[in-house]
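Chain lettering (A, B, C, D and E) follows the sequence in which the chains are written, and residue indices restart at 1 in each chain.
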């Protein structure tokens, strides 16, 4: 196995699970949790403001102003108090808070008294081409959207630019449209990742056709595994978008549903691409196996042709290398039946010709069988 | 790998995706977009006119005349203004316009306020036997049908001929019947493509039975992949036709639904053919693998028979080629136990007969094992 | 490949498809279409008459007599006028007439104004054991049944005998019962075909266990393909029978539905047999592949045992066949280190015994490894 | 192939099918049909009587006494009159009688006017470990149950014992409970059969791990096939029990439905075991194939090591076995460049040492490659 | 096969099934059943008491006090009287009691008059890394929960601690919440087991990439089988939780349903992990097979290169080892055509050079074919 292939084989990610039997609804703060960075975006058709907050303590008061839409962006979970404020001021269920902080949830959408809860999974290929998989949680009220994620990096900058720019629908379409816009950009990045893998697969396929070695097999298996990984995100994502479409939540506007339907279509297109790349991977692995078998056939043909031609000839040479004596060296007795060929005038010549004929016969035989291709 | 097989292995098509996070509903004009060519077909039972338009600007006015049916055929997307007219004059949703210009949509049917939107995928085998896959978008109103495609070529000429001819249903059955007729001809061309592949598969199958080499495997895999590609068009096409059937759109007449049901049947027949060809491909690949294994068996049998017969004989010849001396050449001491066979009167004869017997015994053994078939 | 296997590999059947874009509802008369033979069966509990008709022109008048049930049996499609009479006198939809004349329809059941339309597929093994697949179309009215097929041969004789005989339900149960009886006998012949294939599979299986060669693989693949072919008939047949059961057509009597349920059960039993035979085919192919691998193992064991025993012995014989001289023939110089074994009193004997020991040791080694089974 | 494996490979069972086109509802009496043995069980909480009847002629009268429950047990079908009595006295549909006498029905449940009809399949491993598969048909009325089977043997004795004993529910719970009890015992015997196969599979698995030969493959394939066979009984059995549960037949009491639900659970447990054993079979077959490949690797390693070491050495020995002469024997001319090694003082020694070094180098090479494990 | 692999191959667990035909609803007491240990937990927001009971005789009286919630924990089934008390005092159905004592039930939830019945399966990896699979049965009334299990060990201690601690919801949320808490902890332990297998799989994968031998195959197959085993628990567990969610049992409070939904999510996450690990197992087995084939290729290449180079050379050496005489030793007749090369001045040299050229040509040939990689 090449070093290269080995490098690509990395350990499966482990999540810190709750201790079995711990109380449900426990807010989980990891020991390495990052300090929370909270930003408040306040906007309507005319106005757009961004403010960094130190805590959520007076957000309830702020969002009471229904003439604005608010986006409260929370990154980093190292503050139990922050989650308790969500519970006390916004009546967020403890089970929801646990789902937010246990960041291995599948994409889902759930309706609660006064707010909706949703989960997306933000994927990103890091510099080693490994897949980062970050949970983004959404809490949606009538005029506010909370987004929560464990890490600082995200792929949401274009949305902020559109908010700042103030063009298009985004400043006037309310909190559910903002949630849609964020979910949509997350799904859009899946296309980017799939394009990268598709190019990898093309490159491996070139090697498969040019000079297949076992790295073709290892690399294809790794791509196939990545595809299986993304399937586990994208199928529940599709179900989630469908759940939003079918829900009768009053917090999701009719206009937003139209856009969600569009994101749902994108999600199905992604599923199409994933399934398609997976089938190409499987087909390439099948071809690789066939090519190994074919190559074995070729190796064996070389061995068999050479052995079959020379082993009988060597035997004949061996015959005439035997030392049966035509005269006993001790007694001088004549033994005229012992290898008289050796003393024939053209014995050597006839033998060489005979060998040549045997070789030619075999070559014709193998040629007829198509062994010389 | 043969050059031929390599030529067939082409890169996967890439679409220009929207930048992740771009505003939904953005009309996308590719830099290589073609100049739009717009044709207006105006017809009823008595009259049939075709006119080339330079823009859509007064189409809204034209189609207001409900005593005619109109077909507005748009080819080439290099005009933002044209799409904006669709938005302003015909109230077409921005998301729909995006779907029209992002030409990687799956076949689908959607109802909107005042119009229906549908997508078909026009397939065509180009001169290199590669599959062109062009999106045709439909906007259906009560007395008009807009069709939009990026390229100039199409397979719709027979419909124009029927319109011109004026026989049959087509001139009197309204805009939804025209949409059906166009969708139907697109689906009908799938049969043509499948027939071509079916013949390719037959040809490869002949080679499989006559003289299978690895091109059989490559070519079958390529056909199988093409089939997987067409499946991704034809299954959603079936769903689309079913959606039209089940929709309660008032724009699709009862009579048209009857015809759509017929196109739906054709679609299922195509699915039948696709699945069937796919199973034949898989079966051929399995046979090819069995044949490789069988051939390996045959190669090994040749090697084993020849080696097994001659290696022991060569050993015996080797024995009597040894130089053990019956008399020390230096001291002249007699060594009567050293290879007395060499000095026996019929040593050579007996040895040759013994070798012959061994060879015959082995041939009988292999023959009994069925190795000579 | 054996000639026999090649003979079984026949081209996939092609149907003459409508030209893409041709008007839907076009009646298709093949250039080789047979002259129509039309028979009219008129019967009730008391009376039974058969008459050959030259055209359908006054059938509408005849079937107006509601005190009889009529079976109009049409074979051969070479008469456009006949189909036009069906359209004009019986109000049969043009799309239905197209489905009747384009004889590649899947089994289906459709209700129309005043009549029901159904398709069955009549299968028959011809003398070469190839599958004939003939479309039989049914048009059912309240007291008449039209059956239409392209060819003259059929498997419906027993029904005619039962009509003639006049016993049982058939003379009094109306037109829908007659349609059931015909559909039932068509499905019953599938059992006959499956029994034939089951016996073929048994015969191939015997060869698999006795002396497997590659014809086992070819024949099993051919049977598997035939099974895949019949699946494509029998699954839609099941759906058709179910559609009749669930339909609220007034033309199908309650009593007939009971019988249709029985035919539906037969259809499921056939599906059971098909799936079962398919799994046996796959299992046999898997066994065949295992046996090839096993056989390769045996071939290699023979080669390895013989080579491993004799190659080292031949080497030893080669050693003592070397010509290192104990005395320089030219200078007469003594070279006492050069192969003194050759001049030892029992050199030959010891060498032979040593070779024997090596051979025995190897035989024990291979025997312990279980290579002699 | 071993004799043992061949013995296990038996022909697929054939049923005597109705002639295609025969009247539906024909009662089928096989030529080898057994003489009917009819037993009447009459019981309630207080009384229990068994009587052998010669015919069904006055059973209708007997079962009119609604203060008792009756079980009419019929074994052997050689009496057309008996079935005609069922038709005339109990109004049993002809199609039902056909299903009873054509004993290849799948498990099913059907409601008719005045009675319910059900089919179970009684499985039994005979002394050769082959599966007997006997159809048991049930006709259920409000206070009577008819059971019909072709053969005399059954597995229902424990039910008779419970009836005789009179304990438990069975004497008071009516005819539907009796039907449940019989169906339940039939399903329970499936567990017994699966346990036997599970033990067979364990035994084969032991051989797979200890000394795998091709009988492992044959035996596992046979078990897998048996499992596929039982699947075809147990899935429709599950559907049948579910049909009884969901039916609104007034003949099945609420209490009995509770018990049917319990039998349904057993059926699902059986399906679990079947699927599980099938997956183990497939896994064992995969392991067997891997082990064949591994063994081939080992055989080839032995061959390659021995050949690679000795073939070059034999070549060297061959070199010094050549007869190039240092002095022409005829002319006495000196040829000092011809094989002077042969006349060197330590030529033999150096050659032997050189050969030893080559062998050691190769052994190290192979050892490093891990070929000695 | 290594000893290690053999140790891992253990027999499939057998359950003691009821004798076929035994009365349904029979309470089954195994001969090795443990003495029952009964604990009564009585608690509300203020009070928490644990008491060990010797029998269930006056539990009915105790639980009549509706101001408390009761948990009656029963371990060990060796008391028929205990089950009879459940039947008489709590009206538990005999079929339920049978399901409790026949401990091979799948997870399920059933509603009865006055109580609900549920089954969970408690999994545990014992010290040999084998899976213990213990049935836990639940009987839920309005203010009491009975749990029953055959063995003494369990994984429920954290729940007892939470009850003692009195914090959180558990002391005030009633009997259905307690049932949820117990079910949840049982599902949570599945995560622990899957983590252990995931690590095993990682370790095997390391060996696959470093030095694959057949233990990789055996160990992966064992993990795959374990995964198939846990699938059979976790899919019905999911259905059970869903049944509770959808049921309209009044015994399960609205609040508890919210928590059950959370456990349902966990169950789906577990299914995700199981499917994912299974796909990785299959992928690793595929890679292992590819690697065996690759290795065979390498072995054969070594054999073929060495044989192909030296066999022809040995033949040439054999030629010049032949004893064709240039002068008859007896008659002294000159035979000048017999191997004059042997008496050429540079015969030996030319021969050696010729051999060298042949070897170099072959090496170049093999190198060009890429056989030296």
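Please note the rule applied: a contact is a pair of C-beta atoms (placed from the backbone, for glycine too) under 8 Å apart; a residue touches a chain by one contact, two chains touch by 3 or more.
Just so you know, these numbers come straight off a predicted model, no measurement behind them.
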Cα rotation angle, chain C onto chain E, in degrees to the nearest 5, is 145
Expressed in whole Å, how far the mean CA point of chain D lies from that of chain E is 25
Per the C-alpha means, the centres of chain B and chain D lie apart by a whole-Å value of 40
Each of the following residues of chain A touches two or more other chains, namely 293, 296, 300, 303, 307, 311, 314, 318, 321-323, 339
Among line, ring, star, complete and other, the chain contact graph is ring
In the complex, chain B touches chain C at residues 155-159, 161-162, 167-170, 181, 184-185, 188-189, 191-192, 195, 198, 201-202, 205, 209-210, 258-259, 262, 265, 268-269, 272, 276, 279-280, 283, 286-287, 290-291, 293-294, 296-297, 300-301, 303-304, 307-308, 311-312, 314-315, 318-319, 321-325, 328-331, 333, 335, 337-339, 370-371, 373
Residue set of chain E touching chain D in the complex reads 1, 5-6, 9, 11-12, 14, 17-25, 93, 95, 98-99, 104-106, 108, 211, 213-214, 217-218, 221, 224-225, 228-229, 232, 285, 288-289, 292-293, 295-296, 299-300, 302-303, 306-307, 310-311, 313-314, 317-318, 320-323, 326-327, 334, 339, 341-349, 351-352
